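This report concerns only the one structure given below.
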Amino acid sequence: MDLDAAAWAALMLSLRVASVAMLCSLPLALWVAWILARKEFPGKGLLSALVHLPLVLPPVVTGYLLLLSFGRNAPLGRLLESLGIGLAFHWTGAVLAALIMGFPLMVRAMRLAIEAVDPRIEAAAATLGAPRVSVFCRVTLPLIFPGILAGAVMGFAKAMGEFGATITFVANIPGQTQTLPSAIWTALQVPGGENRALAMAALAGLVALAAVLLSEALARRVAKRISGAR
Amino acid sequence: MDLDAAAWAALMLSLRVASVAMLCSLPLALWVAWILARKEFPGKGLLSALVHLPLVLPPVVTGYLLLLSFGRNAPLGRLLESLGIGLAFHWTGAVLAALIMGFPLMVRAMRLAIEAVDPRIEAAAATLGAPRVSVFCRVTLPLIFPGILAGAVMGFAKAMGEFGATITFVANIPGQTQTLPSAIWTALQVPGGENRALAMAALAGLVALAAVLLSEALARRVAKRISGAR
Amino acid sequence: MLEVTLRHGFDGFDLDLSFSTEGGITALFGRSGAGKTTVINAVAGLLRPDMGRVVLDGETLLDTERGIWVPPHRRRLGYVFQDARLFPHLDVRRNLTFGARYAPRGSRGAGFDDVVELLGLKPLLTRAPATLSGGEKQRVALGRALLCRPRLLLMDEPLASLDGPRKQEILPYLERLRDGGLGLPILYVSHAVDEIARLADRLVLLQDGQLKAQGALFDVMADPAAVPLLGVREAGAVLEADVIAHAEDGLSTLAVRAGQLELPGVQAPIGSRVRLRVLAQDVILSRHRPEGLSSVNILAVRVEAVHPGDGPGAAIALSAGGDRLLARVTARAVRDLDLRAGMECYAIIKATTVAPGSIGR
Amino acid sequence: MLEVTLRHGFDGFDLDLSFSTEGGITALFGRSGAGKTTVINAVAGLLRPDMGRVVLDGETLLDTERGIWVPPHRRRLGYVFQDARLFPHLDVRRNLTFGARYAPRGSRGAGFDDVVELLGLKPLLTRAPATLSGGEKQRVALGRALLCRPRLLLMDEPLASLDGPRKQEILPYLERLRDGGLGLPILYVSHAVDEIARLADRLVLLQDGQLKAQGALFDVMADPAAVPLLGVREAGAVLEADVIAHAEDGLSTLAVRAGQLELPGVQAPIGSRVRLRVLAQDVILSRHRPEGLSSVNILAVRVEAVHPGDGPGAAIALSAGGDRLLARVTARAVRDLDLRAGMECYAIIKATTVAPGSIGR
Amino acid sequence: EAPLTVFAAASLRGALEEIAAAFPVPLVLAYGGSGTMARQVAAGAPADVVLLANTDWMDWLADQGIIAAEEAQIIAHNHLVLIAPRGTTKLSHPADLPAQLGPTGRLAMGQRDAVPAGSYARDWLTHEGLWEGLQSKLAETDNVRAALALVARGDTPFGVVYASDAHAEADVQVVYKVPADTHAPITYPAAALTPAGTDLLAFLTTEQAQAILEDHGFVRADHGS
């Protein structure tokens, strides 16, 4: 493949951004999914809508809103900057953008999985003396593993592919904030850059293929253990 | 809100595109989800990866590939055109783009729901004489309703928000292929257009809110019926 | 009518058996984990065994050798699962009527109102399965299977979580299904020997996936080899008897082949035929006709076989004028009385060894 | 030790009752849908009733008036569910040991190896719950609850899908739990009157969510009012008796308060105390001491109450030198014998009315 | 009369709106990136006229045989300017730029490879010998309007945009005009794709249209740079 150093740098950055975004959002997404699946409270519909928002808004708007909130002139952005956490024009900002864009996907997958858990099994664990947190860790969590896995894969895939919000929020600086999608887009803007763009897209596809195959294999192993097949 | 006729036209187009895309992809997504959840076959991992592909690729690449395949000069595009199905630069193309971009989300939600159905309940239906199709329609389908609903909402939301693939494939022709996200993007191109863009984004948010609230209410009703609460 | 040959291996468990029935109620009996549910699943088509053949009324439902496998929905068997497996999204009424539309036109079977009445489901019809009690679920599952107009009923411990009175209502109904115009055959799994003694025509005994005995209920129940399988305390022959008279003091006179017995609490009318269950541990043997025991029931019997058990006791197969009896005595008694096949002696039957549930038919 | 007061309404079902126990085994008995599981769930903390109070060993677990509600995991109750509810993602061993880590340090209770041995779980330890048979699941659920070292066991039909021999192994174990150093109290739901007659110290009878009777087993079982609740065929008093002698012919002599009984098949050693269950339908009343019935058991009794039933029979409460007996006779017999409270008469007890399962303690 | 569809580079938007009002036939204006639109035109987009922000893509269209090279017509030029939020003092010499950015300030500009304005900016900075030193201080955006917005909001203290962009945004001011000889010429080529489009193409070079373009900060087509 016709891939230069810039493409490899973009791939590496994308991998880093996607992994960090996925790992960081897992706990939060899990928590939100749990609340949406299990709790009834006023404003639940609103929370659910809020979670879906990044799906609905054009990514550039999300990026724009991020810039408004975390830009160098925004109070929040200034605060974080003073704490040494620069987001705008940093790869960490790409993580934030990817995280937000993947959040609805992760929450939905986990929520569906949590909703499918029989609360009577959790009740059984409680009668055996397990406090709520233990029930969650030892019963709920393993039971929703397929959902977590699905959420993780989708979050990772989305993070690998996120473009609009990322480029708007952290710009497209080769070697710094140029993720693989940004690099692909850049290549597409140059006459004759198609092949380079497609080669990089294929690379992204391969990464996704690997992630999906891995997750499918993991899921199959867990399913087998539960069904008792060997 | 500061919304002119073009904005309303874009909203209407987006609603149409999103509804049609969601409705068209439902059966196909359901079928693919069912296969992925229930069948073991060589190449299953590959199929799963393929389904995830639109998540991973930058939307512009998806749009570019669509343009390559269905453009007026591409063989496939010409064939469809001669059959009266114009896709490139038509709102139907926006439907196709939205459909493809939302597909992974729909499939995942439905697949998780199908995986959560106890096959022993389906077996019980079979012993009562129900052929496979009846079992699916009368048992599986109602049981995975929450997953279908989740998939539909995500597919719809994603279709409302899709920008990169759409603008690349069908362009940004006001009144014809300018969806709400395209209109928002266009507004952002003019200095001072931010407010207009944000007003339209708020509109998109309201639509999503309505869709999410509706789906939550529906889901709650179904859950209540199953749990027996009134 | 039903022929079953199966071979199937799970990790650490091998099923290998062959049995056949002639209609009526065939009981599958065996300890927990013996393979009863596995057999029923294979008959229903929910398990595809490694090897096997299932033929019902001449129609081959399964033949691994000839590659025949009829899918479950075309077998028309009503399956009452060990766990109820109700459709969670349908209310009780819709659960009950789920199978009706798949029954062939004009097929006869239980009517909706009858089943609802029998099982006391009327107040539950609009309820969601999740809100039912354990016994209520089981009743709905039973009704659902009855209402799909099957040609064979598969019942996996259908009455396990039902209360006594409810069982007493349902058992006669099952008998009527078997005996009525429909002659619906039933494959019936139960741990309750009294249920089996009352209901079954044939008995299939399983142990660790292997067939240990099969045959007419009367034969198997009287088989000393079956004692360890049924449980020492539950083993005992089942006889048929004709009700001859009811006396003032509550005792009834019943005729068996070898003589007459006086039993309390027989509800059946004079002239009817009932089943008696005589627990092996309640039969006492004597070489001479005991004197001075006026009111006890004594039958002249011949020892057919002496079957030493695992413990201190022995099971003795007896023939009483063609009826078969089973006695459980101590090893010392075998020695003292010098019990041997062919020996003539007397069986003292405590009148009340007839368990209440076992008087039926 | 355990005080329970509950009021709770489901759509079309109202629970309203109050009972207390003094440790030992308290049986909850009632027909399907009577509210047994609902009561147990409320005690376990899985159901928050509309109103109620639950006090265990002086600790208030629930008091809706005072706003007290101890969450399930702090109640330390071992619950054997009607459906097994095993953890599907854990193998049998991990299911069994799930609760161990939450038991307070140094608390005593059943040992892992003992429980595995008792319940025959050794070959299943590495198996996934989905591959277990119905009875196997139930045994694992039982073991899991035993191993969490609870201070009260809640058992909802724990033996319903177990075979007879297995039951005979588990019942003495439960008795030992109750009687042993731990003195583990048990709230026990069962439909099997013989199980209850054998195990229970106290009996709570429910009907349609209401308390119908509660008290010591001996009192409630001998209460004519309880006959329709227990089922006409299952009703009967339970007595305690001392084993005095074992005769050559297999009959044993047992002393009850009003005299001696000769019974077959008593396994207990001389000097031990056993429980006898005398079914009401197997007690015959006579105004005069019957002559010429040398081998039957006859006790002098006084009629305490005559309780006409719904059907043609009547339940007669009897006192036999302090022991309570129950007889079921026809309405005609009531008239003919002119049975009235206070009358002295004789009860003829068929020796073998003592159900095998009911000889215990 | 049937409206004409115009595919146009987004940065022309302000001027085109006014031109549309002046043109007798109604215009449907569809905006996008130059590359995207060039490809769409090649794929058969229903446009009558295409207006791009750089010549590369017009040349590409000619290479594809979609238009004849001589049909393309330059309709305007532009200047590159260095901008800063209103109130910033003028920059006397480009070499002061790094110091003015300070330790954290960034320079907003179009993406160097993908956005024409970015390429021009790189050319200029390279010419000034500043490019290497500014590598870690850039904020490269996906179009030049985004760079403008960054400066307008104060997210970056400086940006490189077209004079026409700076003209349209009240919140920024030009602090330095980039000499035209430090980068490739900035030209806006247009081409008609249908016979109906030729009228519009012709109109774009009329005095009326050129005045409008000039009003919006563009440089007249005949003032070749």
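By written order: A, B, C, D and E. Residues from 1 in each chain.
Simple rule for what comes next: a contact is a pair of C-beta atoms (placed from the backbone, for glycine too) under 8 Å apart; a residue touches a chain by one contact, two chains touch by 3 or more.
Composition by chain, UniProt nomenclature: A, B = Molybdenum transport system permease; C, D = Molybdate ABC transporter, ATP-binding protein.
It should be emphasised that the depicted structure is a prediction, and the values quoted were computed from it without experimental measurement.
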item: Shared interface partners, meaning chains that touch chain C and chain D; value: none
item: Centroid distance [mean C-alpha coordinates] between chain E and chain C, Å; value: 91
item: Distance between chain centroids, defined by C-alpha means - chain B, chain E (Å); value: 36
item: Centre-to-centre distance between chain C and chain A (centres being mean Cα positions), rounded to whole Å; value: 59
item: Residues of chain D touching at least two other chains; value: 11, 83, 131
item: Chain A: positions in contact with at least two other chains; value: 185, 188
item: Junction residues of chain E, two or more chains touched; value: 146
item: Listing of all chain pairs that touch each other, if any do; value: A-B, A-D, A-E, B-C, B-E, C-D
item: Of all residues in chain E, those that touch chain A in their complex; value: 33-35, 38, 56-57, 59-60, 63, 104, 106, 108, 111-115, 135-136, 138-142, 146, 150, 153-156
item: Sites on chain A touched by chain E in the complex; value: 67-68, 71-73, 81, 86, 88-89, 167-168, 171-176, 185-192
item: Contact footprint of chain B on chain A as seen in their complex; value: 44-46, 48-49, 52-61, 64, 104-105, 108-109, 111-113, 115-116, 146-147, 150, 153-154, 157-158, 160-161, 163-164, 180-182, 184-185, 188, 194, 197-198, 201, 204-205, 207-209, 212-213, 216-217, 223
item: Contact footprint of chain D on chain A as seen in their complex; value: 120-121, 123-132, 134-135, 138-139, 142-143, 145, 222, 225-228
item: Of all residues in chain C, those that touch chain B in their complex; value: 44-46, 71-79, 81, 83, 85, 87-90, 98-99, 102-103, 127-131, 144-145, 148, 154
